Amino acid sequence: MSNLVKEFNDYRSKMNEKLLADNNKIVKRIFNLDTNAYTEGVLDVRTKELLGLVASTVLRCDDCVKYHLENCHKEGISKEEMMEAMGIATLVGGTIVIPHLRRAYEFWEELSPPPPEGGANEVNNANQGLNSN
Amino acid sequence: MSNLVKEFNDYRSKMNEKLLADNNKIVKRIFNLDTNAYTEGVLDVRTKELLGLVASTVLRCDDCVKYHLENCHKEGISKEEMMEAMGIATLVGGTIVIPHLRRAYEFWEELSPPPPEGGANEVNNANQGLNSN
Amino acid sequence: MSNLVKEFNDYRSKMNEKLLADNNKIVKRIFNLDTNAYTEGVLDVRTKELLGLVASTVLRCDDCVKYHLENCHKEGISKEEMMEAMGIATLVGGTIVIPHLRRAYEFWEELSPPPPEGGANEVNNANQGLNSN
Amino acid sequence: MSNLVKEFNDYRSKMNEKLLADNNKIVKRIFNLDTNAYTEGVLDVRTKELLGLVASTVLRCDDCVKYHLENCHKEGISKEEMMEAMGIATLVGGTIVIPHLRRAYEFWEELSPPPPEGGANEVNNANQGLNSN
Amino acid sequence: MSNLVKEFNDYRSKMNEKLLADNNKIVKRIFNLDTNAYTEGVLDVRTKELLGLVASTVLRCDDCVKYHLENCHKEGISKEEMMEAMGIATLVGGTIVIPHLRRAYEFWEELSPPPPEGGANEVNNANQGLNSN
Amino acid sequence: MSNLVKEFNDYRSKMNEKLLADNNKIVKRIFNLDTNAYTEGVLDVRTKELLGLVASTVLRCDDCVKYHLENCHKEGISKEEMMEAMGIATLVGGTIVIPHLRRAYEFWEELSPPPPEGGANEVNNANQGLNSN
């Protein structure tokens, strides 16, 4: 797993654990809802992750974008699909989204190392258990 | 077509025509991009309209929400699908989204009059030509 | 109860009922959380309502502001206290908050008719049952 | 003066007076700063009003947009100049700005009735004294 | 004082001094207002700092959150009180607030080193003189 | 060129190239529009760059602010002019803008090293070719 991806996951996991251990009821329930909202329903997981990605992008939350990029990647969403979704986000949200698009693109590359090296990446296992933003 | 829907479409069409007639190049191109972004690509139109709906909702733009609700409805997206998308938007965007959710739900009802009266509604034809937000 | 207050409460109640009847699990739980978050905890209800008011104001959600103004009023928060909170919100959020401050001030006046006419107002009863934003 | 312009100015003046009479020190000083910020400095008033217009537009505050449109109009800024500024705002802020652009364009037309009817409009006098957003 | 806290305070102090030395009247007055807004009024300092904290959190400004966390800590606000306020902020602002909540929680821990080491921390002295955001 | 400026330009250039090579039509056109919007029109380049700077600042996008600061500097806009524009941005956007103002001021200093060392800086050449945000 790349450094960028690993650092993001490590920090998120560490702090999510602390937040959940803190036992604030509202925060815990929001984390719980966040897990439930992206499970299969009348919309499939792929569509929901794309919705989460675009929502995070137009609201310009880099960490939320990374989280959903990782899940999109895990769901087998292609780079072309991801970019079409991000194109809509950039159009709706305007050019202020561009710096976030740059960082998203870099993160996606880290999730998908270039083909020669094999392609099978284990990044996906990094995102388990606590899966709140 | 309901009054709510008709008023929205009439005002939007009238002002979009004026804006395009004004001939500001940047504005015209943004309108043009807005039309292109939601056409079929590697993602289908249904998914793209849901992305546009969620982006508009978390950014709390009632008119943009109405516009995408109308297109979602035209694409045959069901109320359950629309509500799952809006549920994600409300979770990501927080309780400040709720007033927009109320207005969105009301608008959706106007697009879909209750079954007894027939169900076949022609609202869909209202949204043609200029289709910028 | 003033027209402004009554119209706001009537529309909100009507649409909240429809949204809850719709049975989307995420939306229902967010409504439920919204009720719980403002109940007495280590912070008292007054403080929490002021927090909700300021959060709504800097995010510029008129309906959320009205909802929390009504609750603040019910909790016996004085106009001076409300205005100190709104002053902080205007400073943090900037002059774009001013139009919302104008509407908030007008709504507060409707909640608190001038003293000669009696002062005891029953507005407070209007906001029961569903109390999501 | 058109109804749209008159209603906007009347409500704003009425509520600004109430807010200033309320005597909250922070609010009063913010209003005062707001008056000072747009006076001639190393940047001229025209440029500053365009800055206020674009800031208000990307933050999607219709009332702030109207206020600055009125001042821009008073300063003799042409429709072409206003539209170039609004084009930048729409590009930076994204397509969610479009509904605000429609309302801005309508308001500008009300400030500038079509030439045949005379052209000399007295709208400008409406915006004096309190000039906070 | 922890590194995280010290770095934040050092950079803020250094740049605030430069900004004030720059002598832009509007900026100086806003800094001055910022100091005044959080002093005792009809609302006490504790409540005002919580309002500032929640406003900063829903607007997702990490540095503003840190600044108010430091003041909340200095005012003797407990972790439970801070977390109740942050729970409201997360609910109102949505799951995009979660990454900011993680960083806020980490910063609070740095302000409050674990008990064994003594507990009396001198962090509080770090935040004096210039106290603008 | 200072490290702060160089790092910003290097990362932006590298990622912009990748994004453009990716060949997503919507993204490419937005980049293209972004280049066109700031060219001379009825408003001059200086005014347009100030508009871009203020829009970026109130939307609190540090990278967009840096980009426009660099262009403003290149256009010969003085520190006093830049600060007047930023003062308006801080007033309109509120005290949450202050942390961005601190970083903007630091970046401007890097663009303009103190006079003794020569003054003639070549920073300006760094920003050519791709000039999207």
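When the chains are written out, they are named A, B, C, D, E and F in that same order, and each has its own residue count from 1.
Going forward, contacts are C-beta pairs under 8 Å (C-beta built on N, C-alpha and C of every residue); 3 or more make two chains touch, one makes a residue touch a chain.
Because the structure is a prediction, the values reported are computed rather than measured.
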Inset, instruction - Touching both chain D and chain F: give me those chains, sorted by label. - result: A, B, C, E
Inset, instruction - Return the chain whose centre of C-alpha atoms lies at maximal distance from the corresponding centre of chain C. - result: F
Inset, instruction - Pick out whichever of the two, B-F or A-F, is joined by more C-beta pairs in contact. - result: A-F
Inset, instruction - Rotation angle, chain A onto chain D: superpose the C-alpha atoms of these two copies and give the value as a multiple of 5 degrees. - result: 180
Inset, instruction - Mind checking chain E against chain F and telling me if their interface is mostly the same residue numbers on each side, over half, or mostly different? - result: different
Legend entry - Computed distance of Cα centres, chain E from chain C, in Å: 26
Legend entry - Inter-chain centre distance, chain A versus chain C - centres from mean C-alpha coordinates, in Å: 34
Inset, instruction - Please compute the C-alpha centroid of chain B, do the same for chain D, then give the distance between them in whole Å. - result: 28
Legend entry - Residues of chain B touching at least two other chains: 25-26, 30, 33-34, 37, 55-56, 58-59, 64, 80, 84, 87-88, 90-93, 95-96
Inset, instruction - Flag every residue of chain E that touches chain D in the complex, lowest number first. - result: 25-26, 29-30, 33, 36-37
Legend entry - chain A residues within the chain E interface of the complex: 11-12, 15-16, 18-19, 22, 24-27, 30-31, 34, 55-56, 59, 61-64, 132-133
Inset, instruction - Spell out the residues on chain D that touch chain B in their complex, using ranges where they run on. - result: 60, 79-80, 83-84, 86-88, 90-91, 95-96, 98-99, 101-103, 105-106, 109
Inset, instruction - Write out the stretch or stretches of chain A touching chain D in their complex. - result: 58, 90-97
Legend entry - Complex contacts: residues of chain F adjacent to chain D: 30, 33-34, 37-38, 41-43, 47-48, 50-52, 54-56, 58-59, 64, 78, 80-81, 84-85, 87-89, 91-93
